[in-house]
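Here chain A shows up in two complexes: once beside chain B, once beside chain C.
For the complex of A and B:
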């Protein structure tokens, strides 16, 4: 990646130059401000652009987290606000979007796949591979058992009505297209989207 | 003729947004924030108030900021009462505005503006208030030949630290130039368009670099970031969370000063970029509605000093009221 730097001139504003600065020449001693630096600590924050998770509008959000880029501490999110530069939402958020910080910090937020086995009352964490394999197995078994090729009058229908699909919000057009193609090609008819709020 | 403040064209800060939004009703269309906002004719007075307030809050810089507040007040007096020998003719800036060029380009107008009248009126207003140490410098500056002052003005525009012997006078010359260019902004028939992609970080009015950026909090510009010109105080739109030097956003950080009790010491933050190794300060009106980029930049000198110690980032902000040698 080539970096397009639009400026070539920068300024030195260090303690070494303060004695000959215009401030000192004007008769204001720079020593107090140079010494005051000892009482301060630099703290870093980071702002990350993202999209609201809730609906198909896909409002832009700015997510504030502590720690600077070097430390790359993105765990401690402390503020979320609308992105005023986003072409769709121009900084505005609905009450749900405005509460995103509580969603991120929610104790009951789902962060990884979990399973509750039949006959138990406990949720157990499983890997993404396990989750996808299990879901595919369930779908295949159910489809093999319940797929309908013809209705009672002999019309070809090729549908699968015993499983439904709820798609994610904030999908791009491309994701939505692929989701539609996959779901319909399996013959599924019960299909809705979380974005339909 | 003494030009009164009323004769200086008054610009509504938010006039480029045609959609009105009154509370209780939804807006009638897309509310787009203005691309470029010209300074108001009372900008120096607003800056003076802010500097005065900061002089109380930032003890190590108290006297310096008090002087800068007096300087800003003197700039306001000069803007309202000086009668410069040169003024642009009507329609002078129309072609530049039509073609997206900075109409008040510093290099083009440097020889036209009547810097000496602005400076003389400003120094008259300033002299009543300053201490003994500064008074001597003011008198020396008054007695300098005009071409020597012009050389200092060239140094200001070149952002050069200038002759160490005269460095103390440079902010005064720079202040008079700020008056001259803010006066020019008031003669524009309209605000310029957004700068072109090649020069997005330079002032669309005069072509100077920004002093700092400010995140606005008015209903029309809520949360929108503007860069503010270090010379003419024009503000222009620049996306949030993007480096104003290299336009990358991947390695941006926001560094601020925290005092010993863990409280934020000042509203100014440094927007640092790990891609190009520079920083520009940002002031949020959401945090402090009275923040003024140039005033808050001066008051947060400790932030620059700490960043210089770290030796990781170079300063890109252009503040002609504080000149530091190499």
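For the complex of A and C:
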């Protein structure tokens, strides 16, 4: 199909185009008054208080998640920032703490108990009940076999040196007190936390 | 009222727009300012991480270039970067000067001056200079117009990006993400007046500790900025990774926007007017006899061809 445009029509079209673009250039175009500010992404978020998991400073963090925790919904953490009410950090964070979101979402993050059986190189997922039962069993067996009540000179020592305990450093005083009580009451000597990790 | 809700009433200027923006209702809005105290910075980069986290930016993991600067430069995905400088002072001692480099939010922004896309760069009454990516045409004039070399054009969408001073946070009453994260209090946020007061206190302190030329970096060449520095050596801003001593908008921007563009607009308007008056006085162009004959002949040929086509189609139908 050939579009037939006479010389006269061609000039008219050209002039119309020219006039329109000139008008726009001279400032007669409709002005866009769109706000450039991004939607505030914390609107409607659920805020949960927590502690940074990294070091023993234990800075307070606010975890922002989407979802109202309804039964058919799985909430999704999408932002983490410092907790201004936390006495230690008062809202500030270090670079590791400021990047907690990517730590939470990391593919290599440990989300459930896993076990590597002797002689294998594969980690297998187990339930919390299984994990706690197995740990208790191992501890009991080892303690029964290696608990020392008296040293060579006949002094009462009641210690258990063949098992150690690694606790969390970012605990409250109360949690730390309970952990200490539990570990020492078993006679355990090797006791540390991940503050230096 | 730092957290004034965004509306068209508190945009004080828009790029490439001669019509004034509605700005009568700016009463009670204080200008905001971010104070970066270089003397307190330990270079931990918490601000950089907080910035990418808040703004949903994840730059590619780069290569180590043998410096602490990481990433090495600003990019469409990195809106601020710590610049590490080793400076040997008069006593021959090493000073590690770490400057957080990001948009300075000038009161007279070179980017906005240079931008040809209406409304792509807006300036709010609280002092924030923000890019409206929807309207950005990616021409890169803002890069040329910026005295601090801040905006970066994205290869992905061809649009320009830079620090927004977390306009979304500020308009909701929060401080920018970098400010909140800073563990040493090196980055502070508040009204310009409060920040200048605080900067003064810090400068006095630095002077009392032997930094005689400590001072505030709030360059008047761009009308002052809404990101100000406290420098230990305010007399030598260039040692802080080439911080410009007297930043100004490039004269090319002024020449283009101030002189060339209005002149060219006038030329176009004049041409249109001349055409109009020529039409009114001389009338439309008359067709000569030859022209009319040529058109007639053309139409006759076309009619002939059409008749032939129809005839051949009829033949084909009859045969089938």
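By definition in this document, the second predicted complex is superposed on the first by the 132 of 197 C-alpha atoms of A that agree within 3 Å, B and C clash if a C-alpha of one lies under 4 Å from a C-alpha of the other, contacts with A are read in each partner's own complex, and residues count from 1 in each chain.
The criterion applied here is as follows: a contact is a pair of C-beta atoms (placed from the backbone, for glycine too) under 8 Å apart; a residue touches a chain by one contact, two chains touch by 3 or more.
Predicted model only: the values in this text are computed from it and were never measured.
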item: Which superposed partner A:97 touches (first chain B, second chain C, both, neither); value: second
item: Which superposed partner A:192 touches (first chain B, second chain C, both, neither); value: neither
item: Touching partner for A:18 - first (chain B), second (chain C), both, neither; value: both
item: Which of chain B and chain C A:130 touches, first, second, both or neither; value: neither
item: In the superposition, chain B vs chain C on chain A residues touched; value: B
item: Which superposed partner A:40 touches (first chain B, second chain C, both, neither); value: both
item: Which of chain B and chain C A:80 touches, first, second, both or neither; value: second
item: A:142 touches, of chain B and chain C: first, second, both or neither?; value: neither
item: Partner chain in contact with A:151 - chain B first, chain C second, else both or neither; value: neither
item: Contact residues common to both interfaces of chain A (with chain B and with chain C); value: 6, 15, 18, 22, 25-27, 32-37, 39-42, 81-82, 91
item: Chain A contact footprint on chain B (complex, rising order); value: 30-33, 59-61, 63-64, 67, 131, 133-134, 137, 159, 164, 167-171, 198-202, 209, 222-225, 239-241, 245-260, 265, 269, 272, 274-276, 278, 301-302, 304-310, 314-318, 321-326
item: Chain A residues within the chain C interface of the complex; value: 6, 15, 18-19, 22, 25-27, 29, 31-42, 79-82, 89, 91-99, 101-102
item: Chain C residues within the chain A interface of the complex; value: 6-8, 11, 17-19, 44-50, 53-54, 118-119, 122, 130-135, 164, 167-169, 171-172, 177, 180-183, 185, 265, 268-269, 272, 275, 295
item: Residues of chain A touching chain B in the complex; value: 3-7, 9-15, 17-18, 20-28, 32-37, 39-47, 49, 62, 68-70, 81-85, 90-91
